[in-house]
Amino acid sequence: MRSLFVGRFQPLHKGHIYTVKQIIDRGEDLVIAIGSAQYSHTPDNPFTGGERLMFWKRAIIDEGLPLERIDIVPVPDIGIHPLWVSHLRSLVPHFDMAYSHNPLVRRLLKDAGFEVAETGLLERGTYSGRHIRDLMRWGGEWEPLVPDGVVEIIKGLQLDERVREIGEVTIVR
Amino acid sequence: MRSLFVGRFQPLHKGHIYTVKQIIDRGEDLVIAIGSAQYSHTPDNPFTGGERLMFWKRAIIDEGLPLERIDIVPVPDIGIHPLWVSHLRSLVPHFDMAYSHNPLVRRLLKDAGFEVAETGLLERGTYSGRHIRDLMRWGGEWEPLVPDGVVEIIKGLQLDERVREIGEVTIVR
Amino acid sequence: MRSLFVGRFQPLHKGHIYTVKQIIDRGEDLVIAIGSAQYSHTPDNPFTGGERLMFWKRAIIDEGLPLERIDIVPVPDIGIHPLWVSHLRSLVPHFDMAYSHNPLVRRLLKDAGFEVAETGLLERGTYSGRHIRDLMRWGGEWEPLVPDGVVEIIKGLQLDERVREIGEVTIVR
Amino acid sequence: MRSLFVGRFQPLHKGHIYTVKQIIDRGEDLVIAIGSAQYSHTPDNPFTGGERLMFWKRAIIDEGLPLERIDIVPVPDIGIHPLWVSHLRSLVPHFDMAYSHNPLVRRLLKDAGFEVAETGLLERGTYSGRHIRDLMRWGGEWEPLVPDGVVEIIKGLQLDERVREIGEVTIVR
Amino acid sequence: MRSLFVGRFQPLHKGHIYTVKQIIDRGEDLVIAIGSAQYSHTPDNPFTGGERLMFWKRAIIDEGLPLERIDIVPVPDIGIHPLWVSHLRSLVPHFDMAYSHNPLVRRLLKDAGFEVAETGLLERGTYSGRHIRDLMRWGGEWEPLVPDGVVEIIKGLQLDERVREIGEVTIVR
Amino acid sequence: MRSLFVGRFQPLHKGHIYTVKQIIDRGEDLVIAIGSAQYSHTPDNPFTGGERLMFWKRAIIDEGLPLERIDIVPVPDIGIHPLWVSHLRSLVPHFDMAYSHNPLVRRLLKDAGFEVAETGLLERGTYSGRHIRDLMRWGGEWEPLVPDGVVEIIKGLQLDERVREIGEVTIVR
């Protein structure tokens, strides 16, 4: 039994870890799909797919979660909803069911015949990528919301500075 | 003499039928181009190109319009305006003139050398795809604005439920 | 019950008509998907999607086949096999089963859960798009292999001349 | 020593000329990259890449700037920031450093190892493409902000009329 | 120190394992990039990106290689060589050097400033994806060339049957 | 009066110069469109669009041709023939007629309503990009076929070495 968990992880935060632990505790193997993987350097998608993969790898090791039961896969966005499930399935290992709190993802996966389940959530307003990016941008305390190892990567590569710099620009033209 | 009529038909409503009848009554053959055909499952484009083609086919038969004089063609969007007329022309049968109430479509077709005409319109605020999607979303009475056969398809496939579910989500990420 | 029939129809020939008649005679409605619809002006794909749609429309009317039971849909190629069935399904009306003699199409549709059936064939070496394009290119008698109405369209628009001109060139660069 | 200057030039205005003169006066050769080159006929990108190239060519000649030291290159947008510098570099001649006032462009070029410098600016609110497009749209006096030769091209081809017509429409669908 | 190893792995064979062991033995962490990840169901690319990821995951576990030091990342092809290194870098974790026996990959990585090294090779004619696909297609003994766990996955999912079926077809049209 | 001349210029050779001189001598302004501009590092397209632009700039200056009458524009390939003329027109300045010896280019431009003329040619087998790339690859004397300034750029940037290295590889995978 292998489950899917989809997100953008801009950045990975403790709410994501909380979800993954629940799935692993149910005894299911797990595919973590990093969505919109090709994008970076935008206000909503500041980190690259590869950086987000490093976030997850580090967090899984730090948390002592079983690497042999977890796959982490960057999935570029294709921008066309009716193709998205096929696209996803071609890039990740076979999965039997999925977890998501996003109603569109739930709908698309259900229409493709997948069971979609939910997990408990940490407080959603606080543990949200958007909120954390805003804190980075405006000098707030984002560090407590993010796993320690991820904080270390972000600061080591000065990725929080990138978030600040591109905060108000929308597109290269 | 064959004319072109372009729209997204999200969904097809009685205003579209009213336009098509005027064109057919003028004795012209007709190509109905279903724009943005690859998109679906978004708040502005909930229905697939194939579903919209089914809407038209059913409405044309129910209205007793002459199928042998009408072509219905899904046309995926290419997102680059200066290529749009060439793209359209390569996917549909030859046409001599076009009908549109959209100023950009009119401009692009005129720049490519086509005559662009207008038809009378039903009340535009009421007979509008946006208005009908909003009614579906918030529980209003959308059914009187849409041909009976199309209402039947939408309810039979529970497509109005899809509109409600994805109403507030903008993109899969 | 609605069936799917996929081809490129470069050009439409009597073998295709023979197949479609068998499907219609079984009492099934039919979707004719015109593949690689965005291509034209190449040795293998000389005719546009719109021209091929005109071929089918004319042939269906000339043969007295029931237009109200048949949809003709240009489907642009997306070049990525694992997405092809989803792409196809989003652009055409709902179908229940499919006909094809192409092993890859059969495989992809079966993998997506569709029943795939066959029909009897006219002599395959003769009734083949490639053979007919070669005849056009080298001055052979292609006309007997193609429905009369389609011959008329091809000659009226001088499309056979296009086939000859671009016969040996592979790409614009 | 060759420098890069990137912009969209919708349209070219006297602020751009002011910047280019400073670079040329420093003795550097110059590549002018016309960004988002494939877009036109939108409220933000009304002019084609080719029209914008004509604007620059004319202005350079009128100003007596040295054509042999300046390259003007339309660069289509690819929409994925981490690929943008590589894409740009493959389409333009080799350059050693860059000028830009856009923080994202500065960041992307710096991340790729380029020195990024600034020039003095004319008053930024006035000499801005957005401001000039608004003036065109609402009947204001845009002509004094744009080089005379460019005014002549715009009026000769009635491009200001295009800006007005498509002023409030966002996309062809 | 983290190294990159790029391949298509159609399928993964013992030659690949031999290379990876050498890199791991040198004490370097490793990113395995699965190239052309979006393709499948073609004679040259029969297996999906996700299937190839499963091959690697299984082989690494079976060989007792250290999962915490290895990342496996599907990388879709973008078809434009001068953008490939940037594209690759945006989808995988940071790497310091690369291994490849392909002269073009070596050239592109070197041009982007990376050190590119080599490893010893098993006999190249035998341990080659092309050779193994041919054996699958024509009923030869491919199993000894592929790790046992990968053989098990391929047979369990009947992927060798897919290779046979699509063996001679080149493209869906 | 402005004319168009399209080619890939892989690399620019004396045959191209011969053509351009004829057009300039007729008193026409000229747009040189560098086709397939996004490609490089392949056996058929070894040089980037930017490098080819540098070839032309240098040759025009060395030959004393009038820069103020000539535009050089890299045009990325879009791979869909029926859109190609619109794509080209959107990226280059307005032109009135075109020169080409390629039958497909001639056909596409004529179908779009352009007059297409020819020029005298140097011996075609010798003055051909393919021939010159083969000479580079196998150690032949390619230098006499290429303008001196272009030879200098190619050798200065060791681009001939690139041609040799990637000579037999077709695609990055």
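We call the chains A, B, C, D, E and F, going by the order they appear; numbering starts again at 1 in every chain.
Methods note: a residue touches a chain if its C-beta (ideal position, glycine included) is under 8 Å from a C-beta of that chain, and two chains touch if they have at least 3 such contacts.
Small disclaimer: the values here were computed from a predicted structure and weren't measured.
K.L.:
Could you label the subunit B-subunit D interface same or different, taking same to mean over half of its residue numbers are used by both chains?
P.N.:
Mostly different residues form this interface, as fewer than half of the numbers used are common to both chains.
K.L.:
Which of the two pairs, A-D or D-F, is linked by more C-beta contacts?
P.N.:
Pair with the higher count of C-beta contacts: D-F.
K.L.:
Could you put a whole-Å number on the gap between the CA centroids of subunit E and subunit F?
P.N.:
Taking the average C-alpha coordinate of subunit E and of subunit F, the gap between them is 37 Å.
K.L.:
Mind checking the centre-to-centre distance between subunit C and subunit D? Centres are C-alpha means, answer in whole Å.
P.N.:
About 46 Å separates the centre of subunit C from that of subunit D.
K.L.:
So which bits of subunit F are touching at least two other chains?
P.N.:
Those would be 38, 40, 48, 80, 82, 87, 89-90.
K.L.:
So, with touch as defined above, which chain pairs make the list?
P.N.:
Going through each pair of chains, those in contact are A-B, A-C, A-D, A-E, B-C, B-D, B-F, C-E, C-F, D-E, D-F, E-F.
K.L.:
What residues on subunit E touch subunit A, complex-wise?
P.N.:
Its residues touching subunit A are 37-38, 40, 48-51, 53-54, 57, 61, 67-68, 71-74, 76, 87, 89-94, 157.
K.L.:
What part of subunit F is in contact with subunit B in the complex they form?
P.N.:
Where subunit F meets subunit B, its residues are 78, 80, 82-83, 85-87, 89-90.
K.L.:
Under the touch definition given earlier, write down the residues of subunit F that touch subunit E in their complex.
P.N.:
Checking each residue of subunit F against subunit E gives 38-42, 48, 162, 165-166, 169, 171-173.
K.L.:
Would you tell me which residues of subunit A are touching subunit B in their complex?
P.N.:
Residues 8, 35-36, 77, 80-82, 84, 102-105, 107-108 of subunit A touch subunit B in their complex.
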